[in-house]
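Right after this note come the structures.
In the two complexes that follow, subunit A is the common piece, with subunit B as its partner first and subunit C second.
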Partner chain A sequence: MDLKTLLSFEWGMMAPEFTILIVAVILSLIDLFGKDSIKKYIPSFAVAGIGLALIFLLFQYGHEEVSILYDTYIFDSFAFSFKFILLIGTLLIFFMVLSKQKDEEITDRGEYVYLLLSALLGTMMMASSGDLITLFVGLELLSLSSYIMVAMRKRNKRANEGAMKYIINGGIATAFTLFGMSYIYGISGTTKLVDISREMSSALGTTEPIATVGFIILFVGLAFKISSVPFHMWTPDVYEGAATPVSAFLSVVSKAAGFVIIIRLFVTIFNTGVEGNETLYSSMIGFVAILAILSMLIGNIIALRQRNMKRLIAYSSIGHAGYILIPIVSLSAMTLENVWFYLLAYSFMTIGAFMVIYILEQSEKSEDISIFTGLFQRSPVLAISMTIFLLSLAGIPGTAGFIGKFNIFVGAISADPAQYILVGVMAVATVISYLYYFNILIQMFIRQPEFEGRRTVNKMQAVPLIACITGTIVLGIFPFIALNFFS
Partner chain B sequence: MGLLSLLVFSPIVGFIILFFIPKHDMKMLHKIALAASFIPFLFGLLVFILFKTDEIPADILKWIEFEAGEKSFVIHYELAVDGFSTILIFLTAIIMSIAILAGSFHVKKDIRMFYQLMFLLELGVLGVFASGNLFLFFIFFEITLIPMFLLLSKWGGTDREESAFHYLVYNGIGSLILLVAIAAIFVSAGSTNFDTVMQHFATNENSGLALGIAIALLLAFGIKLPIFPLHSWMVKVHVDAPIPVVIVHAGVLLKIGAYGLITFGIGFFPVAFEKLVLVLAILGLVNLLYGAYLALVQKELRAVLAYSSISHMGIILLGIAALNESGIQGAIFQAVSHGLIAALFFLLVGSLANRTNTTSLKKLSGLARLTPLLAGFLLVAALAGLGLPGMSGFVSEFMVFLGLFEQLPWIGVIGTLGLVLTVVYMLRVVMNMTFGTYRNMFGEIKDLNVYEVVPTLVLIICIIGIGVFPNIIASTIQLTIETLRLGIGG
Partner chain C sequence: MSGEVIVFLLLSSTAILGGILMLNLKKVIHMLLAVVLTFLSLAGLYVMLSAEFVAAVQILIYSGAVTIVMIFGIMLTKHQAKEEKNKNPLRTTLVGLGIVVFFVTIYLAIRNLYFGQEATALHVNNTEQIGIKIFSYYVIPFELVSIVLLVALMGAVVLAKGEEGDEK
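Let's turn to the complex of A and B:
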């Protein structure tokens, strides 16, 4: 590769990634060598960096498909729209980090910031990669940064337990993923997704058993990131142990990245077949459907018994992973739109809910559900905000969550064949989820407060709250804004 | 912004104004809430009058568009009314004002939040009846769920949280079945507009999909109505909810089930419903007899009324099962009539319970000596409930059975047994309460005051008005019936 070819690539397409990379490097240097007076601005620098990356990304809106570095980096509308969610989600989480009160136990603020940025960089590379190698590198970058972030509260017993579980489960999942990829490589002899897809469709038949094994192993490995069955057990412990912004990152950005990689891999590799023949994907959707059903039911049923708020949200997020798997099972023209919209809605409502929990957990020093008792009397603003997020998570009309759910229903029914069983299970799971979401409403509006004194929301805390409320409501009442943006 | 949008969102005015009134100024809160409840009432009256004289234009705005390959699905924000929904809107407005007035006697704590939730509930119910497509219908349908849940769990009786969760689970299941059905209709017809859907399924009426959706609708609205094995939540609500909420619940919310079954069920899937006629008739019969029998053996006045509601809802099902003009007309009449009668009953029961602190039938007897007005009104309510000629209940039962004898005479014969049982349980309860032996248990209690008499009289006038001049309603719903009759095919 000489300089001429190197310069001929459209490097400009990678501007968002480069921005994040440069900011992360600079911030880590500042953290090492900078004075304390500069250090306290590190999170603000990060916010500016993400904002800049977001602006670069928006300039690429409607840009034609580009692939550089010999197809290892692809820019297409898929990459664009999912990177948008990743950046928005991380931005909201940084607002959360900024809002923290002085006595929060994380003192190593700098590390925290640039680890979040490097994790974000990993997810963005995953969204854009067209090669198994870069895909895996992006995945590992995300995983390793996440492990450290979870383990960072080193004096907290729960955090240590969570970090231990996370790293062991994560290691196993990574091994699964890599093992699955090796099967794919064995069949096709290449790591480029485009080539793999061509090889798979021509070699189908003779290699089908091997491809099936590869499919299952790969999917199981990737289920870890989206916290769906069978790799879901880490979720509650890790969410409980990690600092709340990290939990929010894992449940939103990391999960979104998991879905990105699943769609990218499975839809391109396994969904091409000889004209008229069943593709491997369509013969395997039964397997994915079972995982979706188990996730929806297990997540929502176990959430019923939780009293720790972060564990509750963790189980609910397992259930939501099941919902988002439905459009992936019922592959149709609406699949991408459904997944994208649901993830966007999910980012706003989940980060919002985490934000309320974060504020309360700092003031009450507890994560028990009782921090919500009588909240309407103590802080009407927080109570109303939490109500909006909970109603959206439950899928009540007027909120983004409802439109997302309706979208998934319509997509699954209009698919061929129509997935009535999945839709039915999702309906049942939703009713189950009403029980624990509405239970929190009862705590807030009806129970007498167990904590004294009024709680106020300061300016820094108001920013992410307002952003999440706006997102949840606007997407619920004017969903076409987002839908038009997507198409 | 059209008239219908103003109507639907008018309860918001009360909701907002109440924020500006200090929490502890009870008198002011009562007054303002009552005054604000007249705003939707006036709009309801206006819609009712305009509907009689002129067409009411639908409110349409383009809203959401989904692209799925070549197909594109569009959802509008559209409000529209027909005869049936106009009457139900008017009924909602009347009963809401009465319930809010009743709130001033029955609700002691957090009255401001109570009224605000009531206004939110009213917004939901008005929206349900005024929506012009299924998607919007569903949105308003779900909006009623949240205020009802909070009203039940905060102001209810002893088992309030348990009842609230019962309500939530049953209605949640119902609404999600409905949502799946709506999604299926949407995918098949490409729109959720009532007329478009009706035409779409008129041309593809024999498909299995239509039958499936019809069954889903029957289940979803069957929970709301409620139909026999799905009724336990409704009894709990009737027994545990605060009186104003029961008035609205029995008076209006249950009618959403009837409205849905008639407008969407028979309206969209007449052929599929023809296949279900026998099922409907048997379910109706079971409701009628089971409700009446259990009403006969209850020891609590509220439970008697709860089972009596189930029994009366059976008559609606029988009317639907008859699937002819007079049957459906009877069902619609029964929906309206039961709304008024149930509201009247619970209004009086509320006043009674406030005075005696009990609704146990064992303790209540000989009230005619103590409180002649209250006892007299209770007797009137009972007579209306058992369908005395000259009152609204008679008209509806007469028409339902007229239709039923034409189509399914045997079911009609058994059904009349239910009517006899109704007479028995109504009289058993009320006769003993009013004319039974007088025991001096409650000390000095006062008779109804003017704030209790006026709403009672309004309801009684409506009940007798419909009984004597059924044409007020018949002429309004004529066009609705006509459209439905064309669908049924004769």
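Let's turn to the complex of A and C:
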């Protein structure tokens, strides 16, 4: 290939990725050589970089599909809308990072910032790639950056334990993913998703058992990223050990990326049957449904017994992963839209809840549920914002979480065949989740405060809180803004 | 039984043997040597598949570099060999059962596998072809891999360097 063909590709479409990459590299150089007076502003530069990438991305709205270098980079509406969530989520997390001016636990704030950026780059590449190799490299970029971010709280014993569990579990999950990919490559002879799906749509013949095994192993490996059963056990330990913004990142951006890669792989590769011929995906739906049911039940039931707030959110996030798997099981025209909306709503409410925990954790030096006792008397602002996030997580009307759950519910019932069992389990799991979400409300409004003094919210802390509250309520009352944006 | 099958059986059984030895040996250096045995037999398998370049890379990177790094890691950290006899018979049985089930599943899946015509031109300029593929088709993932390496390097520095308070 000569330079001319290389330049004929529309490289401008990669502007968001290039922005993130260049910002990350420049920030690491500033961190190496810059003066201390400049280093202070590294997180602010990162925010500016993400903002710029977001602007570049928004300019691509409605752009026709682009494929660069044999599908190793593709741009389509799917990539656009999910990259939007990834960027918004990371932006909110950076506001969280900015809200704390001095960080005793993580002394290397610079590293922390560009690791977040490189993880974001990995997730964005996963969102816009049509090739197994790029998808895998993006996944690994995300995983490696997250391992390091979790391990960076070196003095904290729990963080060390969490990081160790995370890297070992992650290594096993990567091995699973790669093994499954190798089977799929083996029977199709190509790494390009479009070609694989063409191979899969023709009669599989003797290779069908291998395709089934590859499907299961690949799904099990990718379940690690979305922290659903069977790879969910790392979640509570890692969330508890990692610094709170990192937990928020893992719970929102990393999980969204996991769903992105699952949808890309499974819906494109396995769901292309010839007319009248049952696709491999539809024959394997029972397997995914069982994982969804187990995730919903295990996550929500174990969350009942948690007293550490970050562990509680971790278990509830396992449950939410189960909810988001439902539209993937009940495939219809609405699937992508439902997953997208739920992930967007989930980012706002989860980052918001983590932000409240982050503020309280700094002032009370504790992560126990008792930090919420009598919060309404000590700080009405925090109590009311936490109430909004909890109501949304529980799925009460008027919040984004309700619309998300409702869409999933309707999607699963109207799918063909209707998934009544899944819908039933989802309803049960939601009711169980009320118990522990409302327990926090009781702590905030009824119990007497265990900690002295009023808590105020400073300006920097208010930014992410206001953004998350706005997102949760606006999406809850005017969901059509987001849904129109998607389509 | 053709010569090819014999070589394959030899190489794959030594690869498995290395893995089993690595799990059961007590001293770390012995474990390392067992891993090297696995890596070398895998390289032999790659040669059988006409992937000489991958075999050379396997020997250079895995048997050479990765092993050396592991030796450094062991020598530079405090290491106390502790023998822990923590054998849970129930768990061992369950794991064993899982392995057997997995083996049977995979065996049944691949038993009737038919791939059609065998490729004949695998050995023709294969290193050159890998180069062409990497630098024309897979430029984007290739560049992305360099960022993965950068991240790994930064991570190693961040995690290994002492904090400022430690030096005093």
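What we mean here is this: the second predicted complex is superposed on the first by the 482 of 487 C-alpha atoms of A that agree within 3 Å, B and C clash if a C-alpha of one lies under 4 Å from a C-alpha of the other, contacts with A are read in each partner's own complex, and residues count from 1 in each chain.
Everything that follows uses one rule, which is that contacts are C-beta pairs under 8 Å (C-beta built on N, C-alpha and C of every residue); 3 or more make two chains touch, one makes a residue touch a chain.
Being a predicted model, the structure only gives us computed values, none of them experimental.
Peer 1: After the overlay on subunit A, what do you see for subunit B versus subunit C, clash or fit?
Peer 2: fit
Peer 1: Using centres of C-alpha atoms, tell me the angle at subunit A that subunit B and subunit C span after the overlay, to the nearest 10°.
Peer 2: Apex at subunit A; the opening toward subunit B and subunit C is 140 degrees.
Peer 1: I'd like to know which partner A:406 touches here: subunit B for first, subunit C for second, both or neither.
Peer 2: Only subunit B; A:406 stays clear of subunit C.
Peer 1: Could you say whether A:280 touches subunit B, subunit C, both of them, or neither, answering first, second, both or neither?
Peer 2: neither
Peer 1: Pick one for A:13: touches subunit B only (first), subunit C only (second), both, or neither.
Peer 2: Touch partners of A:13: none, neither subunit B nor subunit C.
Peer 1: Examine A:424 and indicate which partner it touches, taking first as subunit B and second as subunit C; both and neither are also allowed.
Peer 2: Only subunit B is touched by A:424; subunit C is not.
Peer 1: Which partner does A:154 contact after superposing on A: first (subunit B), second (subunit C), both, neither?
Peer 2: second
Peer 1: Once chain A of both complexes is superposed, is A:69 in touch with subunit B (first), subunit C (second), both, or neither?
Peer 2: second
Peer 1: Given the touch rule stated above, what does A:289 touch, subunit B (first), subunit C (second), both, or neither?
Peer 2: The answer is neither, since A:289 touches no partner chain.
Peer 1: Upon superposition of the two complexes, what minimum C-alpha distance (Å) separates subunit B from subunit C?
Peer 2: Result, nearest C-alpha distance in the overlay: 35 Å.
Peer 1: Return the residues of subunit A at which the contacts from subunit B and from subunit C coincide.
Peer 2: Common to the two interfaces on subunit A: nothing.
Peer 1: What does subunit B use to touch subunit A in their complex?
Peer 2: The contact residues of subunit B facing subunit A are 63-69, 71, 73, 113, 135, 138-140, 142-143, 145-146, 149-150, 153-154, 161, 164-165, 168-169, 172-173, 176-177, 179-180, 183-184, 186-187.
Peer 1: Note which residues of subunit A are touching subunit C in the complex, please.
Peer 2: My answer: residues 1, 21, 28, 68-70, 72-73, 107-108, 111, 114-115, 118, 121-122, 125, 131, 133-134, 137-138, 140-141, 144-145, 147-148, 151-152, 154-155, 205-207, 209-210, 212-213.
Peer 1: Enumerate the contact residues on subunit A facing subunit B in the complex.
Peer 2: 332-334, 337, 391, 396-398, 402-403, 405-407, 409-411, 413-414, 418, 420, 423-424, 427-428, 430-431, 434-435, 438, 441-442, 445-446, 479-480, 483, 487
Peer 1: Contact residues on subunit C for subunit A in the complex?
Peer 2: 105-106, 108-110, 112-114, 136-141, 144-145, 147-148, 150-152, 154-155, 158-159, 163-164
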